[in-house]
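My questions all concern the structure below.
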Amino acid sequence: MDSLTLIGMVSVVTAGLTISIGCIGPALAEGRAVAQALMAIAQQPDEAATLTRTLFVGLAMIESTAIYCFVVSMILIFANPFWDHVAATGG
Amino acid sequence: MDSLTLIGMVSVVTAGLTISIGCIGPALAEGRAVAQALMAIAQQPDEAATLTRTLFVGLAMIESTAIYCFVVSMILIFANPFWDHVAATGG
Amino acid sequence: MDSLTLIGMVSVVTAGLTISIGCIGPALAEGRAVAQALMAIAQQPDEAATLTRTLFVGLAMIESTAIYCFVVSMILIFANPFWDHVAATGG
Amino acid sequence: MDSLTLIGMVSVVTAGLTISIGCIGPALAEGRAVAQALMAIAQQPDEAATLTRTLFVGLAMIESTAIYCFVVSMILIFANPFWDHVAATGG
Amino acid sequence: MDSLTLIGMVSVVTAGLTISIGCIGPALAEGRAVAQALMAIAQQPDEAATLTRTLFVGLAMIESTAIYCFVVSMILIFANPFWDHVAATGG
Amino acid sequence: MDSLTLIGMVSVVTAGLTISIGCIGPALAEGRAVAQALMAIAQQPDEAATLTRTLFVGLAMIESTAIYCFVVSMILIFANPFWDHVAATGG
Amino acid sequence: MDSLTLIGMVSVVTAGLTISIGCIGPALAEGRAVAQALMAIAQQPDEAATLTRTLFVGLAMIESTAIYCFVVSMILIFANPFWDHVAATGG
Amino acid sequence: MDSLTLIGMVSVVTAGLTISIGCIGPALAEGRAVAQALMAIAQQPDEAATLTRTLFVGLAMIESTAIYCFVVSMILIFANPFWDHVAATGG
Amino acid sequence: MDSLTLIGMVSVVTAGLTISIGCIGPALAEGRAVAQALMAIAQQPDEAATLTRTLFVGLAMIESTAIYCFVVSMILIFANPFWDHVAATGG
Amino acid sequence: MDSLTLIGMVSVVTAGLTISIGCIGPALAEGRAVAQALMAIAQQPDEAATLTRTLFVGLAMIESTAIYCFVVSMILIFANPFWDHVAATGG
Amino acid sequence: MDSLTLIGMVSVVTAGLTISIGCIGPALAEGRAVAQALMAIAQQPDEAATLTRTLFVGLAMIESTAIYCFVVSMILIFANPFWDHVAATGG
Amino acid sequence: MDSLTLIGMVSVVTAGLTISIGCIGPALAEGRAVAQALMAIAQQPDEAATLTRTLFVGLAMIESTAIYCFVVSMILIFANPFWDHVAATGG
Amino acid sequence: MDSLTLIGMVSVVTAGLTISIGCIGPALAEGRAVAQALMAIAQQPDEAATLTRTLFVGLAMIESTAIYCFVVSMILIFANPFWDHVAATGG
Amino acid sequence: MDSLTLIGMVSVVTAGLTISIGCIGPALAEGRAVAQALMAIAQQPDEAATLTRTLFVGLAMIESTAIYCFVVSMILIFANPFWDHVAATGG
């Protein structure tokens, strides 16, 4: 039963840290992009359409790195191959 | 009973750290975006509608990373598959 | 009795750290937003109503991340499912 | 007697750290908001009433995060459910 | 005698750290507010009365967070409920 | 069974840390590039096409470093040669 | 004799750290306030009296946080209730 | 079997950390270079060709440091001489 | 002899750290105040007397925090009540 | 076999850390140099040849420090004298 | 002999750390003051005498904090009361 | 054989850390110098010869500190007197 | 022989750390002073003599803190009173 | 043989860390001085001789702190008095 417990504990900790550490960068980066976009729209209201489109493409790129972390976190909780293997072999 | 305790302890710690670390980035990012939005509205009051709309879309994107952390934190407390498995097998 | 003590200790520590770490980001972000709002009102006194409204929406969004942390902290102290389970099973 | 001591020690440490770490953010944020408010009043003395009112609302929001920490700290010292439970069951 | 010693040691350390860490934020924040107030008075000598009043309200708010830490520190040294309980039960 | 557990634990932790730490840099860098692109488009709306193209090439370069981390993370979870070797030899 | 030694050691360390860490913030804050005061006097020599008075009130507020730390440090060295209790009960 | 496990564990951890730490610098550096390139093109649209060429040479140089890390990471996973030697000698 | 040695060791370490950590803040703060004073004198040579006087009062305030640390450090080396007590009771 | 394993483990870890830590500085430095070069070309398009030549010499100098790290990393993996000696003496 | 060795070791380490950590602050502060003095002399060559005198008083104040550290360091090496006591009592 | 292994392990780790930590400073410094040189050439194209010569002397000085680290790193790997002594005496 | 070895080890480590940590501050401070001196000479070539003289006095003051560290480092290596005492008493 | 090994290990580690940590400060400081010198020459080409001479004196002062570290590092490797003493007494 020990192996199962150890793998479980480690998966819980890693899943939590992965998403929490992995969100710092994207959140700050999106904050910066949004802030600059508002600045740019205030300077060039006529280009609001172009600016908004570029902003959304950029946000999608940045969000993708947060999603990588979320995916790894979910895999570790719900589809952990190490846990499955150890549980299958009777732990 | 040991396995259950260990998984429980680790889940408690991770749930707390996930949400507390995971909130630093989004909070700072939203603060920056809101601050810049106020600046932009002060510079271009006529574009207040466009700026506010862009701000809200941006805040939603940023909030999403905080919500990822909250979701993982809640899963670890109330729907923890490792805890359920160990509790089901008599711990 | 050991399991109960361990879960209790860990819950106490985590509850405290969650709210204290989780308050740093929102507090600084709100400080930034309020500071910039005052600046903006000083530049555009005529837009005080719009600026104040945007500020309050933004503060609500930022406060929400602090409240996530407070909720998790309260759950860990007063509605901790791990503690309840262990206490129910006679520890 | 051990469980009681351990829970007690951990509660003392956590209560102190919660309030001391939890005060850094709000204090700095309030300092920033007050500083900018003074700047804004110096630039727009005619708007002193509006600025002061906005400042006070903002300070109240920021102070609230410090108060969350103070509340958790007080609960841990004077109304700690884990301590009460362990003390009630004879420790 | 052990429990008493442990609780005592931990209380000493926590009392010291609480007040020393808890003073960094308020001190820096007050320094910033005072510095900006001097700047503002130099720019608008006619508003010295309003500025000084706003400064004092702000300093009081900031000082309050330092006082929370001082209160917790004093409670831990002179009115520590955990110490009292353990000392009362013969340690 | 021990070797298998150890390799498994270490792979879980490393996979999570690799992607979470490895996302901080790219996310911040993309945020900066997008922010500057919006600034540049606001200054030179006529060059929007050139700027957008350069931005996308740059984002691709930056994203590539995040993808290196994601690839290593996936290899460690789903195609770990050390795990396979140990599992194949009966662990 | 052990309890006495432990409490003593911990009190020595805490007393030193409390005052040394607790002086960083106030010192830097006073430096900032003094520096800005000199700047302000150079800009508005006619307001030197008002500026100096505001500076001294501000310095007193900031110094108060350093004095909290000094008081706690002195209490821990010369009026430590935990030490007195343990020494009185024969340690 | 022990040696094999130890070398394996260490290789897994190192491979992950190498690429994740090694990507922070290049990612940030590329973000800065791309951001400045966009700025420069906005200032001198006529030199877009020269600027883009210089940017690509620079990005290649910076990417090279990320690739050094990726190469070392891959060597450690798929062509680790220490692992091969220990596995060959029956480990 | 053990108690004496432990208290001695801890006092040596604490005395050194107290003065070395406690000097960082005041030194930097005095450097800032002196630097700004030179700037201010260069801008307003006619106010040199007022500026110098304010500078010296400020330096005295800042130096006081360094002196708190020096006093505690000297007390710990030459008038340590814990050491005296333990040495008096035969250690 | 122990010595061999220990030297092997340590070489793996060191090789990875050397190149990953050693790439942070050069990458950031090259990013700064490239960014400034683009700025300079935009200001003085006529000096593009001189600027590009100076940039390449500078990049070569900076890259050299990254190459020192890569060389040491490769030596530790493929030409490690300590490993060779221990392996030769039967380890 | 043990007590003597322990006190000796601790004194060596503390003496070194005290002076090395304690020199960082004063050195940086003096660098700042000297740099600003050169700036001020360049702006107001006619006030060179006043500026130099103020600079020297300031440097003396800052140097005093470094000298506190040097004094404590020398006391710990050459006039350590704890070492003398333990050596005198035969260690 | 133990002594040999320990000295070997420590030399491997130190050699790697020495060059990797020792490259951060020089790399950043060279990046700054090159960046400023490009700026200076763009401002004063007529002085390109003088600037380039000064830059190369400066880069040589800075590179020298990186070379000190490389020399120590090489000595530790290929001409380690401690390893030679221990290996010569039969280890 | 043990005491001698321990004191020796600790002296080696402390001597190295003292000079390496103790050089960071003075080096940076001298760099700042020299940089500002060059700036000042470029602004006021006529005051080069005064500026150079002030610079050299300042550099001497700053270098003095580095020399304190070097002196302590040399004392610890070549005139260590603790080592001499322990070696004299037969270790 | 143990004492010899311990002193050797510690000397290796310290020698490496001394030079690598000790190079960070001087390298950055020289980079700053060189950068500012290039700036100054670009502003005042007529003073190139004076500026270059001042730069070289400054670089020599800064390099001296790096050389202190290199000297200590070399002493620890090739003229280590502790190692010589222990080796002479048969270790």
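Couple of notes before you dig in:
Labels A, B, C, D, E, F, G, H, I, J, K, L, M and N are assigned to the chains in the order they are written; within every chain, residues are numbered from 1.
What we mean here is this: a residue touches a chain if its C-beta (ideal position, glycine included) is under 8 Å from a C-beta of that chain, and two chains touch if they have at least 3 such contacts.
Per UniProt, the chains are A, B, C, D, E, F, G, H, I, J, K, L, M, N = ATP synthase subunit c.
Since this is a predicted model, take the numbers as computed values, not measurements.
Under half of the residue numbers found at the subunit F and subunit H interface occur in both copies, marking it as a different-residue contact. Computed from the mean C-alpha positions, the centre of subunit F lies at a distance of 21 Å from the centre of subunit J.
Across the assembly, subunit M contributes 2, 11, 13, 15, 17, 19, 21, 24-26, 28-33, 35-37, 39, 41, 43, 55, 59, 66, 73 as residues in contact with two or more other chains.
Chain contacts here close into one cycle, and each chain has exactly two touching partners. Ring order, beginning with subunit L and continuing to subunit N: L, N, M, K, I, G, E, D, C, B, A, F, H, J. Only residues 2-3, 6-7, 10-11, 13-15, 17-19, 21-22, 24-26, 28-33, 35-37, 39-41, 43-44, 46-47, 50-51, 54-55, 57-59, 61-62, 64-66, 68-69, 72-73, 75-76, 80-82, 85-86 of subunit K touch subunit I when the two sit together in their complex.
Of all the residues in subunit A, the ones that touch subunit B in their complex are 1-2, 4-5, 8-9, 11-13, 15-17, 19-21, 23-39, 41-43, 45, 48, 52, 55-56, 59, 63, 66, 70, 73, 77-78, 83, 87.
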